[in-house]
Structures are given as C-alpha cells and as structure tokens.
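Across the two complexes that follow, chain A remains constant while its partner is chain B and subsequently chain C.
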Partner chain A sequence: MRKKLWYLLLIGGLILFIGVSSNFVLAEGLTATEIMERVDDNEYIESARMEAKMIIEDRGRKRVNEFYSYLQGENSLSEFTNPRDRGTRYLKLGNDLWMYFPAAEDLVSISGHMMRDGMMGSDFSYEDSVESQQLSELYHFELKGEEIINGGETYVILATAREGEDVSYYQRKIWVDQERFVMLRGEYFSTSGRLLKEMEVKEVQEFRDGRYFPIEVVMNDKLRQGSRTTMKVTEIDFDYDIPEGKISLETLN
Partner chain B sequence: MNFQSKVKIFLIVFILLLTLIVNLKSVKAVEIGGELEIGSGLSYSDDLKAEFYGQGEFELFLPQSSIVEPRLVFQTSLADDRVNSDIKYMYIRHRKDGNHLTVGRQPVSWSYGAMINLLDYGLGIDGLADETIRPGIDGLRYHYSLGEGRNIQLVTSFSEFSRVELDELGYGGRLRLPGSGYDLSFNLAYQPLGKDNLLRTGMTYNKDIGDIGTYGSLGYFYKQDREIDDIMLQLGMDYSWIVGGDNGYGGRQLILQAEYFRFLKNNLNASIMSKLMIGGGEAEGAGSGLETVLLSNRDLLTLNLSTSLDYFSDLGLLLMIETKDCKTVLAPYYSSDLGGGLEMSIDAMVLRDSGGDFYSGISSSLSYYF
Partner chain C sequence: MYLFKIAARNLFRRKKRMFIISSILALAVITFLLIDSFMIGMMDLSFGNVIDFETPHIEIGREEFFIQADDGQELPLEETFIPEKYMLEEIKASDGFLAVTPVLDFSASFIAGREEFPVLVRSIETDSFGGVFKNEDYLVEGEFVEAGDSGVVIGNQMAEFFDLEIGDFYTLRFQDKNGYFSTIEGEVRGITTTPHPQMNMGVVFVARDYAVSRLGVEEDNISQLMVRVENRDLALSSAQSLANKFKNTDYQVRSYRDASEMLVSLEAWGYLETYFILALILIVGAIGIINTIVLSALERIEEIGMMKAMGLKVNQIVRVFLLEAAGIGVIGGLVGCIISALINHFFVNYGLDLDLYLDAESMGLPISGRLYGVWNASSFLLIFILVILIALIASIIPSYWAARKDPVDAIHHR
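Take a look at the complex of A and B:
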C-alpha cells in the first residue's frame, strides 16, 4: 500500500512537473532558454564591423540604401554611403539614438516616439536597431513544438517580454534551426496580440570560428501592405578591434 | 576677373594641392556627388506668374587624413536666363585629440530639433515643408571637446567672403551638454546687423516626456546701437500615432510637430535674423521670402502634420499663424522617390496677409541624386 502511494506520488509529481514545464523542456534535453542562449551565442554581436545593403521594396518600387556599421554590445555607429543619404550617420548609445546630418554637420537626438518609425524609410524601425541586448536577457521562452522550414527541422519558441524590460515587441514567435541554432523566421506581436512584423532569414553563413550568422534577412511591416525590406550583409568582421571612442558622440562632432 | 573671384580660385587650388600633399602616400580617386534639380512654379496675387528654374549642387569628395579634412561644394542655379554660381562650402578642418579647427566657408548649425531656430548662429530653418536653411559662414570655428559628447564651439565670422573688417566680425559660442535622454545648450552670438550689432544669448533644450518629444528655447536679444532688447520664448513638441487600418493592417503613422515662439516685450521680431552679416554661400542666405512674410511678427505658431503614404511617398500639411494680424500660411506638400535617384516634389501655398488678401502658388520639382 505504502509502495503504491509512493508510485502514485511519483507519477503525480511527474505529471505535475511535465504539466508545468512541458512548454520549456523538450527536444534532445534542451530547454527553450538553452536553445535561445545558443541562438544568442551565434547572433549576439560583442563587436564587429559590418557592411550591408538595405533593399526597400513597395508595390513595384525599389530603393537601395548602403551603409557600414561599427557594433559593440548595445552601442553602434552606422554611416550611409548611397548618393542620396551619403554621410548620414546614426549613433546608438544604449537606448538613445542620435542622427548626424552631413549638410549641416550637426546632430540631433531622435525622439522616443520616432523609434517606431521605419529607419531610412524601411521596414526596420529605429527601435529594431536600438534593441541589441541578448534575447535571453529580455524574454521568457516557451517551447511550443517543432516544424519543418525549407526542409530543415526547427524549434518553435514563444518569447514573452520579461517584466520591466523595455522591448520593441511584447511577444515573438521564433523558428530556430535545430542544427545551426539561428533564427529562420519570426513573428512579432504587440501586447494586444496584433501581428506587427514578420521576419524571414534567406541566407545563413558559417564563419571561421564555427559561428552561424544570418546574412540576408527580409522584414515585412504588417502595418504596411505590400512592403518589404531586405537586409543583405556584404561583409562582416566579428570581434573587430574598434578604435576607442569610435562609437561615441565625439565621433559625430 | 575681380579680386573676390581670384581669391576663390586661389583657395580652391590651394585646398586641392594641400589635399594631394597630405594624402600623397594613399591617394584615392576623388569622387563627385550631389544633386540636380529642375522645377517650375505658378503663383497668383494680382496676376498669374510662371517661373522655371534649375539648380545643382556638386561636392568633390576629397581624400581625408586622420588630421586634415577638406570639403569643397559648388552650387549653381539657372533662373530668368541668368546663371549664378557660388561656392557653398570650402574649408579645411584640422583635427587633433578630439578637437578641431575649421577655416573657410562652412556650415554652422546649433540645432536642437526646432523647425525655426532663432538661437542658431544664423537663421536656422529645418523641415518647414520643403524649406530648409542651414546657416553658413565665412570664418573660423573651433570645436573643443569636454568629453562624453559635451563640447564648446567658438565661431568668428566675416561679413563677406575675402573681406575682413574688424568692426564687421561676428562672434559666437555654444556650450552643448548632451546626456542620456536630453540635449541642453547655452548659446551666445554677437554679430553685425546692417549698421547695428545684435547680441543674442540663451539656452535650448530637447527632452522626451513620456511618448512626447519636447524642445524649446529662451533667449535674450539686444540691438546694441538702438539699445532695444527683447526676450524670446519658444516651446515645441512632436508626437506620432497610428490611425486607421483593418485589423492592424494598413494603419498609417501620423507625425505632428508643433512649436510657438513669442518676443515677450514686443520690441523685436524674428525677421532680423535674415539680416545677419555672417557671410556664407548666397543660396544659403537667400531663403525664399519666408522671413519677410512670416518672421516679421511678434509671434508665430507653426504646425506640421505629415505621413508616409508608402515607403516612397510623403504627404504633409504646414500651417503657420501669427496672432496680431492673423497672417496665415497653409502649405500642403508631397514628395515621392521615383527610384534610380530621382525624386519628385510638389508643394502649394495659400497666404492670407494682414489685410485679408490672399496669395497662392504651386510649384513642382524633379531632383536627381548622384
């Protein structure tokens, strides 16, 4: 009888444990948080120098913005090089964003509400560029299942903002490549559950240190019908030795 | 060839040679870029008038070293069968330890987000429909870094290019103290103004309050010879929100910027800013008559409502009202990126003057960026 009670307690405990934690413990012993930490290992940039193209398409029209960036943790400095925007720079210091106008050789701070606006007229908002912390620091994760994307297996993870964290999107549904641990697709939601944006990774590249990184990403702002922006990384040097003071207000003066 | 033209040609050759010498070890190809614009306009007051114009801006992107930055920008315009050409910017900047000294024709901007900046070194107008005037000077500017983005800027300007009359020199200084979430400046300028001199001193700020961006300025203005003074107060805000949409799709972001300035003692008005003698390129100082129509008032309320129709087209409406005579300007504007570096703009204006008469105009332009 006592043995039966122990078995019942054990089974009950297991059921309770599985019930509570089934959303974040699954698949090859990895929890959702562990999966996202491995994603962060690949996608979070400690420091880098990057050159990229931003291809903006909307109902048959197309514009290409070119820029290079220095990235260091939460901070970055980007300068546009295409003719129309040549010399325009964005400096991100923590949650603050500054814009430098080459014609006036002066800088102004971007108001907080403008963070939701499309950066240089694209589907990527200023907010997207500002949020550069590791996702595992900003969100709680639940593993919702597995799906096949382009013939490859993915984990489907629901990320919900941690209380008190200032995030661009309250919830994200993320599809993570099971072999390379990079995000292949994302759906971004507001607090009311409105789908705000869709992200799709078109190309992932393996770098010398065994790191996988998405080098072609398509963002689609669902508030805009028929638009999409493709970010193509043409060159990236990870762990780049950025000169001291390069990413600072001093550089823009 | 007059003396000024000779001096300009000498300085151009000097800058090119200096650039070549400084960068001799790593000479790169000099690139050229800029903008070409053609446009036409129709205006009506007592009779209908039409105008066609063309203008261009060409910048030579000269090689730079870590300590020397030259800049050379030409501007030219064609209107009424006359071609006017001028140098917009021509300067050499020497950098050392985060500080720099700039000598020549150069932009000086003390912006803080306002559409009309009366505490700028010159008259600063930014984003009033299609109107943007960035103060340019002939002179010297020294930038001294205090660290973490804080800095002091000292300016001396000549009243005319290649003419240095000591009693016509202008002076200015700006202490800028940007921080996390705010931008604060203290400005001082003393400049010739016709046969008088104008002293301006004050502070500007920019700070977010919740989701609303706020900015403003408080300045003291003093005309030296006539011994007239005034206090100028400006308050401004910007805000954006999303309207419409079907279940979250197709919503539109509206951006509103509103600002109001007032000369509290009613002794001066903002039109004196367009008379400052600080040199600079002709087109930069010319403006488009905005100063005479709108700034010769004690106060001015400016509202700018804009939205993006899509990623390539913007639509906006500018409204400016002064309270004494109810002079009003209503100006809708539209711009569209046609692709391939081409941009089309259309803007219109209806002006109601102090007598209740109306003037109207519409213009369109096509710009090519290269």
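Take a look at the complex of A and C:
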C-alpha cells in the first residue's frame, strides 16, 4: 500500500515537473500554443472588408480618422474617408508598405525610419501594421498564469519571438479571455525588457459564425507621453470576396 | 617700340571710351575673383567641417554599409565587423597617419517628452575619438560621453527642438540586428554647438560599450574605422594606397571627398557657375573691345591710309590695333585685380556672416556662421592673362578690317 502511494506521488510529481519545466501547464487542457492558436482562429483575418475609426488623442487634442480596408491575409488596402485625409491610401503587400497622397498624386514607399513612426500620427507604428501573420507562427508561448480582467478570467501568456521570424517586438505579454479566446490586453517589450506599448481591448463582439473579434482597441505608445489611439471597428464583413487585383499598386494609383 | 608708342598714344586719345571698356573688363575680373574667393572659402570650410565632425580624412567600412548609407536607408547593423589586426597595422603605417578611432553608427528615433525625431547615433570609443574628431572641443554645456555611461551628447539645435537641458531624460528607439525594437535610455550629458549644422540636429553621441549591448551585435563590432592624417592632400593619396591594399576584401576605403559626393558635385557646379558668369561678362567686354577698335579705326581711317602710304605693312597696322586692345585688357585686368585684392583683403580678414545672406544648411552645405575668403594667386594670374587674351582675340578681326583699307580710298575718306 505504501509502495503504491509512493508510485502515485512519483508519477504525480513527474507530471507536474514536466508540465512546469516545458511550460505545458494545462489550462482546461490547453497549452499556451493551443490557446494562441484559438486566438488566431478568432483574430486572424483571411479576407474581409472593414470600416473603422482611428481616434488619436495627443497633447490634449483629439483627431478622428475614418477609413475602410480590404484585408486579405498579409495584404491590405486602406483608404481614409474623413475630410482632412480623404483619398489617402495605404497598400500593404507582404512586408512592403506604400502610401498614396491624392493632393500631390504622389506614391511613397514607406521604409527606413518611417516604419518606426506612428501611422497617421497614431500610436500604431507602420511597423505594427506590417505584422499581419498569425501570432502562433511568429512567437513561442509560455503560460505564465491566470488573472482577472474586468471580472473575466484570462490566461497570461508570454510570447517570445521565434528566431528568424520578422517581428518587431521581441516579447509580448498577452492576456487572453478564457471564454472567448480573444486578447484583452497586451504589453509589447524591447529586447532590453522595456515596455514599449500597451494595448487594451475595450469591446469584443461575437459574429455570426461564433467568432469573437475585438472591435475597440486602445493602443498606448509608452515612449510618447500623453498619447493614445483608439481603433473602433464600425463594420466588418469576414470572408468578403475581394475582387481580383483590388489590393495592388495599380489600384493604389 | 615705334608701333608700341603709336598704340599707347592712341589708347589715351579717347579716354572715356577706354575707361568704359576697361571698367567692363575690370568688373569681370572683380566678379570672378570675389566669387572664386567665396567659393574656395566655402568649399574649404565645408570640407573642413565634414572632416572635423562627420567623416574624417579616411573611413573604412563594409561596401554594403556605405551603399545603404549613401542611399539614405537605415544603417545596416548586419554590415558591422570586427576590425582585423592587419587592417589596423596597415592604417597606422599609412602616410601622414595621426589617429584612428572605431565607431558604430546606427539609425534610431530620438524621443524626449512627446517629440520624436530620426537621428544617426554614433557610438564612440571615448579614448580615441578626440584624436580624430573635434566634437568635444565644441561642447557648450555639460560633459562629453564617457565609457560605460548611458548619457548622450546632442547638438544645440536638437536640445532646442526637444527643449532639453543637461540631466534631462531621453530614449533612443531603434531596431536591433535581429529586427526587434530596442531602446537605449539615459540622461543628456552634454550639448555641442558645431559649425556643421547637421551635427547640431541629426546626430547623437553615445558610448559604444553601452550601446553595443542593446544592438544585438558582438561586443567588438564596429561600422567604420575613422582615420585622421596630417592633411587633405595626404588623405587622398593614403586613401588610394589603403584602397589598393584592401582591394580583395569586403572593405571599402573612402576619402573625405568620396564620402561627400554631394559636396564634390556642389563644388563642380559652383565652379561651373563662376566660369559661366565670367564668360558672360567677358563676352560683354569683348563686344566693347570690338566696338572700340571699329570706332577707332573709323576715326583714324585717314591716318591708316597715310600710314599705309608711308610704307607700313598690314601686319604692322594690325599690330598697332592689337597692342591698343591689349592695353585696354592690361588696364582692365590690373584695375580689376587691385580692386579685388582690396575687397578680398576685408573678406579674408573679417569674413561674411553667412546666416545673413543665405541659408547654407538648406543648400546642403555643412557650414554655418562666418565665411572667410581665400587668397588664390593662381586665380589672379589666370584672370589677368585671360582678360588680355580676350581683348587681343576680340580685336583681331576689326584690326584686319581696318588695316585692309585701300590707302587712296582711306586718304580721300571725306
């Protein structure tokens, strides 16, 4: 009997050890990677047409930019519709980004230091907008625990960039809603561990196919004092059939 | 001598006309010499500032690094290298060698408060940097960068733009060698005011040993080896000799002129512009001389007939007119050179406040403040000879026209 008890303790201890040491701590039977894959299922957009508002608050001033986007995997085409920026378009093809200014009828390739700048002066950098792959392809994940955010339980996951993948943030700390599998909060860190950006999801909406998608996100660049940007999706049509050639340099011109 | 006497007498017969034409030539001389002095002074100062603050006499780095830097792209951290011993030995053995210092340049965004600005960060070896560059001499506040220190030294324009003082906090945001966002943070340690405007706004100095830990590169990696030699002439020959030695390697050796292609082009354009202005004024002068010779031939048509009747040959009469034209050239050239020398004396000693007259920075020139002229004896000699030559050439055809008059027709001119 005593021997059996020892065996049970030993097996139990081994399971716990393996689980902890390889970060395969089970959360309702899911690993950190599986959690993030379910997040990707919700948040990664294969194809969609989206209308949104970008509310930029900086130095006490508030600016609202409205735009619509066609999104298809790693490619997208966005056009601003608010009076001040009407006709300004962004085209993203893989990791390349172009901007079209209607007043000057000028096409600009965004590269170099511009990629670090805030998109239209927002807290989202152009570099952020280029990262459109599934997170589970870009990062290794580690389940760090559980926390309650706004009364809801979340998994706290530490994402560390996979070697060789083209990502901007070496580490991210992500809070995932345990019920809906969407990110509720995110902290983006530099290689030296400095907090660079903070993302908070204000509203999540359930769509027809049972998919949950964050429709109001607040991004805060921690290196710029007193600024924050809210991205509000006003309309989104998943699996939208985008006409061929719509997301191209020809259309941008 | 006889012909020379006639020419000299004729020259002063129509003093007003001679004075006007000589004045035009003198104006050409003055314009050329002053622009020349201004141009040489400006280029001298520009190259001097480039050498003292930006790129010294010689720089050595990977070819791809320079390609991307010249293209205005982000400086590639993957093109950094660890200098090999033989390289340093070759550099130290080059003609006129004075000092060498390694630097690790990279692109970043300088952030302070709510503002952000793209800058070039120059991470330096504090011990050897002063031997090659003069930035430290232009420190107006605080201290210069020290080894292991997280502080930075910035230019006065950047300090004004960000409203920064010594001890204020800064952050540098950049992408490390692996493409991840990284930061360097600390306090502003010093502020410099150099005569090179770009260094006052777009460049930040940080200790290399501090920066390297955040860049994702190996500890000893650098982007360029910066070399100072005794003078600019030696720099060109030493750069060529080092380039031959590193011919079959990945490294490129550049002189300060190679690194300042824009400045070299600007210099060429500047000279072209000077010679164009000179040509325009000389054309006016030449037309004046043709006019003078034709008029003086018409006035002296009977004299010419008489001279021919007395046995003077066409060539001798032509020589009289040519000597007269050359005289105008000599007077114009001499007066121009003397007035230019007087004006240039003030220009050389007191200079011009550039900021009052032109925005050198917007023209892409690395200069600000006072610009001084330069004495260039060869330019004085060149323009003096050129003015006489132009006067001579311009008078050849009208002189022949005058000398070929039939003596009988000439005498019965009236």
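Details
By definition in this document, the second predicted complex is superposed on the first by the 231 of 253 C-alpha atoms of A that agree within 3 Å, B and C clash if a C-alpha of one lies under 4 Å from a C-alpha of the other, contacts with A are read in each partner's own complex, and residues count from 1 in each chain.
The rule we apply is simple: a contact is a pair of C-beta atoms (placed from the backbone, for glycine too) under 8 Å apart; a residue touches a chain by one contact, two chains touch by 3 or more.
In this text, all values refer to a predicted model and were calculated from it rather than measured experimentally.
Aligning the two structures on chain A places chain B and chain C in clashing positions.
Chain A is touched at more residues by one of its partners, and among chain B and chain C that partner is B. Look at A:Tyr169: by the touch rule set out above, it reaches chain C but stays clear of chain B. Of the two partner chains placed by the overlay, neither chain B nor chain C lies in contact with A:Ser136.
In the superposition on chain A, contact is made by A:Ala161 with chain C only, not with chain B. Judged by the touch definition given at the top, the superposed model places A:Leu249 against chain B, while chain C stays out of reach. Contacts of A:Thr191 after superposition: chain C is touched, whereas chain B is not reached.
By the touch criterion defined above, A:His113 lies against chain B and chain C together after alignment on the C-alpha atoms of chain A. When the two complexes are overlaid on their common chain A, residue A:Asp58 makes contact with chain B and with chain C alike.
Among the listed stretches 81-89, 225-233, 279-287 or 315-323 of chain B, only 315-323 clashes with chain C once the two complexes are superposed. Chain A residues in contact with chain B (one complex) as well as with chain C (other complex) are 58-59, 111-113, 116-117, 194, 196, 223-227.
Here chain C touches chain A in the complex through residues 72-74, 107, 109, 111, 113-114, 116, 118, 171, 173-176, 178-183, 185, 213-214, 216, going by the rule given at the top. Those residues of chain B that touch chain A in the complex are listed here as 33, 98, 106-107, 109-113, 134, 143, 145, 147-149, 151, 178, 180-183, 206, 208, 211-213, 238-240, 242, 245, 248-251, 253, 255, 308, 310-312, 337-339, 341, 343, 369-370.
Of all residues in chain A, those touching chain B in their complex are 56, 58-59, 61-63, 83-84, 86, 93-96, 98, 101, 103-106, 108-109, 111-114, 116-118, 121-123, 194-196, 222-227, 245, 248-250, 252-253.
Residues 58-59, 111-113, 116-117, 127, 161, 166-170, 188, 190-192, 194, 196, 223-227 of chain A are the ones that touch chain C when the two sit in their complex.
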